[in-house]
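Reading through the structure tokens given below for one structure.
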Amino acid sequence: MHATTIGTMTTNRAALVDLIDRYRPGWSLEQAFYIDPAIFEFERELWFPRQWSLVAHASEVPAKGSYIVRQLFDEEIIVVRFGDAEEDVAAYYNVCTHRGSRLCTKDGRSRLLVCPYHAWSYRLTGELQTRQNVPEHVDPEELGLHRVPTRCVGGLVLCGLEEATLPDVQPLVEALDGGLRNMGIDRARIAGRKSYPTKANWKLVIENFFECYHCQPSHPEYFRLNAHEPWTTVASGPGGLDKVTYGIARRSIFGGRKTLSDDGQPVSRLMGGRSAYDGGETSFSLGRLSFVYAVSDHVTLFQMIPRSATETDVIVTWLIDKDADADIDTDPITWMWDVTTVQDKKIVEDNANGVVSRAYRPGPYTALEDHTSFFVQTYLSDMRLLITGERTGGPVWQSPVKRSGLKRDEATEAV
Amino acid sequence: MHATTIGTMTTNRAALVDLIDRYRPGWSLEQAFYIDPAIFEFERELWFPRQWSLVAHASEVPAKGSYIVRQLFDEEIIVVRFGDAEEDVAAYYNVCTHRGSRLCTKDGRSRLLVCPYHAWSYRLTGELQTRQNVPEHVDPEELGLHRVPTRCVGGLVLCGLEEATLPDVQPLVEALDGGLRNMGIDRARIAGRKSYPTKANWKLVIENFFECYHCQPSHPEYFRLNAHEPWTTVASGPGGLDKVTYGIARRSIFGGRKTLSDDGQPVSRLMGGRSAYDGGETSFSLGRLSFVYAVSDHVTLFQMIPRSATETDVIVTWLIDKDADADIDTDPITWMWDVTTVQDKKIVEDNANGVVSRAYRPGPYTALEDHTSFFVQTYLSDMRLLITGERTGGPVWQSPVKRSGLKRDEATEAV
Amino acid sequence: MHATTIGTMTTNRAALVDLIDRYRPGWSLEQAFYIDPAIFEFERELWFPRQWSLVAHASEVPAKGSYIVRQLFDEEIIVVRFGDAEEDVAAYYNVCTHRGSRLCTKDGRSRLLVCPYHAWSYRLTGELQTRQNVPEHVDPEELGLHRVPTRCVGGLVLCGLEEATLPDVQPLVEALDGGLRNMGIDRARIAGRKSYPTKANWKLVIENFFECYHCQPSHPEYFRLNAHEPWTTVASGPGGLDKVTYGIARRSIFGGRKTLSDDGQPVSRLMGGRSAYDGGETSFSLGRLSFVYAVSDHVTLFQMIPRSATETDVIVTWLIDKDADADIDTDPITWMWDVTTVQDKKIVEDNANGVVSRAYRPGPYTALEDHTSFFVQTYLSDMRLLITGERTGGPVWQSPVKRSGLKRDEATEAV
């Protein structure tokens, strides 16, 4: 928990509940949800600690002692491989228990984690190793690093802020682990990574990600390649506050293309032990803020990281088979989602610039935005329960009529 | 209106009224009026929506379908020519009624205004043109653009935030239209425009603009050319909250100069159908935040745009006759007010840097700052009425003794 | 005093007192003390006005009429030499009493201080000189500059924000003046100055400065030269809110070095009329935020200037004898403390980045950090008294066991 602050904004929970209760289903949110730092603070205290998020690919901590510094919401964490088994990955808040300094300032590999300030050292499993100088009245066992709940699934590392508030991640692991391995994600390496800091509330980023109504006007490259085939849900987790949300969906690639490259031709080695291109695309959603798109020869990971009421980091990572050529040309691999995410950053920022106006009013979602609309309803239902403790029915997902022309919605939204 | 915010600062209207009531006439304002974001928020809600402001010159929307993106206080608006008549200019908040995106990201010309996000389109008169995908239960007639009150006068486009709170602009139009046309403003084109973002409260910008006591120490170029002749008021509007403020004044140019250039020699074609240089300068004030200075061969427009408690944009636009040479040298035209506004930006920012100190106390206005003093009193009287609803007498303008050495005060302040 | 603000944060004095009362002696502070703007505001109103700070060296105002613009906490002040005697130095807030403009925008020398805005002028002793245009009903005698309490001691200029709240500086002057003169500080000139803006709360900067436990891991250059000899206290002032804090301590330079240069060899002319290197280092603390380190041939001054809850300026100034060669190579003089302060900036910023985490908890100070621990306790005891008016016992300094390996603690902390 955040320390008590002495000067606090007058935060009106009743006013927030009122605002939630005034919501008209099928319409976008009231302005305050997109711009108000006080609502972000509520989300930070109540909603974010209930979410599992993708923080790394297992190849980033390849050997015992490998550690990396990564972002989990507004927190910097250290992800460490502490043993030789695949699942021997832990994470800690990047805070020395001596005086609170950042412990690791860059990625590395070491037998111990050593603070650069006063050289206090910690074992890979988090316990304080240092004994010298620790005052006698202090129990060093109580000075271990603050743990970050962590789980590995099919080559991906998921984390959450607080053990006490997180839903059980096991149903997600069971549902997705096989599929992720089939896609070869557990035997992949990173071909590229790029960050797209977006000046917009995280919900505008997600709303955009959950619909492809905008694809024709906004994404000519993506629309040409990708936006013609419907998704079929393979599996989906129930969602809600107490249960981890997940989903798998699959569709064919349009026009007989082998993969999602500019010309449809292969861009890397086949993944997951495949012997041939399967002509399809598989999407995975892991919680509400992490997404995976896999085709036969490469995989794209998406991390959405809320940073403030008006700032969200979007991190895209491209995976290929670990045995792909060392000098492979990565441009054809990263091209489509780089072009598309640059466009998304712009349209979402324009959306943010508009909703701040005194003329903004909630507008109607169309049928092509039903996953976005459902996300918004789910978010409000979660927030209401978290603030009041009262469980309302909550929205129920109505499977939409099959249709083409969608980018990501049916694939990424789990119900 | 701004959406409800959930975390609000404790805003003490009573404390603000107290601060107003403690004001000593003839002295500068208490520090809070120059730096406190809460007072800016009061102004944003109460005072700005009562002001008409200059937003464009008519030549910027020359033909049916021409549209431009401009700033009106903290709002981005679209100014559109929707028909062939001179007055066929409308303005809209730059917010799509679908999801709230910015609708236009740059100036252009088009038959319809089309949102880049999902391609919703609007007629030039603001109605939603799109029907496809609009949910059946939603009336498209209710999804027209949010209008910005707009009025054309003598080639200038004025706007205000809200119809309901604006005073009637008709008296201003009737009083100034002829004079602006006499100056040729309706048949002008833009020779130059420059923005001077100023890190100071907007009232410090206006206080500086309303006195020329500082001209001798701060503006050597301006003082040499311009600061020796008294103004004569030609017309003035009553001002106050319910009535639009305006003014016209006139003076001779010092030393037999033809125009306000460095050497007094012509800088462009004569404007307004003149056959000779008339040796004079005419000033117009349009509301409290927009000013026009006209000499025989060019015109200078000033827009003061409050952006936050400590930031104000000053935009200066130079006009010449539309039939002036296409390759005319504009440096001699823009020289004087560019030099002078750069100097004003610096002295006003130094003023802002001083008033933030714990040592700042209100200081006495001299007789040479009587228009500044009157502006401050009028502002306080307006604010008090807006907050309490109680009408006090309000300040009454006492025509000052004629004197020379003034820059702008008698000309620009209307009573 | 700061003007009334109309929108104020709800500031909970009771919550702050609670937080102070929950403090566990021997542990670092709760997070809020390092990040909360509301606590900084308390410090700004209550604690800073009780502190004397070093603002300049006397050589910066060498002659009558010399004036310099400097920073005192969040205020810009003008330090002026108004007469020919050594102690004829005054300081004023940099605010014109006419309209509040900054009066001086750079250092200079003049018979009068003249405001660039409207040319109001002030005598070197602060009185308004201008009479022309001052309204008749206003007494010009009441429009003198707002004075900053100032005192010269051994070539240094100390200032504080408010006469009414500052402790008597006389005990400090009496205790340190001779020692500073012995070091030749009154006959020195500036060889270099550098600012190290540090993104951290000022208390983290001071906590770091008061201990040398971090020197071995963080300061290899300093540790090699400097960190092996114990300090001996020569004099110390009582500290606390009502009494000015000061201290003098002395130690030998390690390994027979003459001075604190990389190779131990002389870097400038001997200071203070010395005829030989004395092999020692003398430290002076002046209040809680200013420090002086003197060796035989150069002196280093430290000013810590809190700027916000998360920003502190550290200014380091190097002095040498005024008769040193004009073209002396200053790199060997500035080298050690420049290298070390760059390192301190980084480790303190990493500390600040860690304490902001939700995982931060107060940690235990070791015996090597006892001066840091004492500073923290003193700070809390001061703050509690300032907020409640209740005097508690307050911490009592226990002289630590002699030990080597310390950088600055025993030297700089006065009890």
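Per-chain residue numbering starts at 1, and chain names A, B and C are given in the order in which the chains are listed.
What we mean here is this: a residue touches a chain if its C-beta (ideal position, glycine included) is under 8 Å from a C-beta of that chain, and two chains touch if they have at least 3 such contacts.
Bear in mind the structure is a predicted one, so any value in this text is a computation, not a measurement.
Peer 1: Which chains lie in contact with each of chain A and chain C?
Peer 2: Where chain A and chain C share a partner, that partner set is B.
Peer 1: Taking all residue numbers used at the chain A/chain B interface, answer same if over half belong to both copies and different if under half do.
Peer 2: Here the answer is different, because the shared fraction of interface numbers falls below one half.
Peer 1: Would you mind reporting the rotation angle for the C-alpha fit of chain B onto chain C, rounded to the nearest 5 degrees?
Peer 2: To map chain B onto chain C, rotate by about 120 degrees.
Peer 1: From the C-alpha centre of chain A to that of chain B, how far is it in Å?
Peer 2: Centres of chain A and chain B (C-alpha means) sit 46 Å apart.
Peer 1: So which stretches of chain B touch two or more other chains?
Peer 2: 9-10
Peer 1: What part of chain A is in contact with chain C in the complex they form?
Peer 2: 1-10, 75-76, 93-103, 105, 116-119, 133-135, 138, 143, 146, 161
Peer 1: What does chain C use to touch chain A in their complex?
Peer 2: On the chain C side, the touching residues are 9-12, 15-16, 19, 26, 28, 30-32, 34, 36-39, 41-42, 207, 213-214, 216-218, 347, 350-351, 353-355, 357-361, 363-368.
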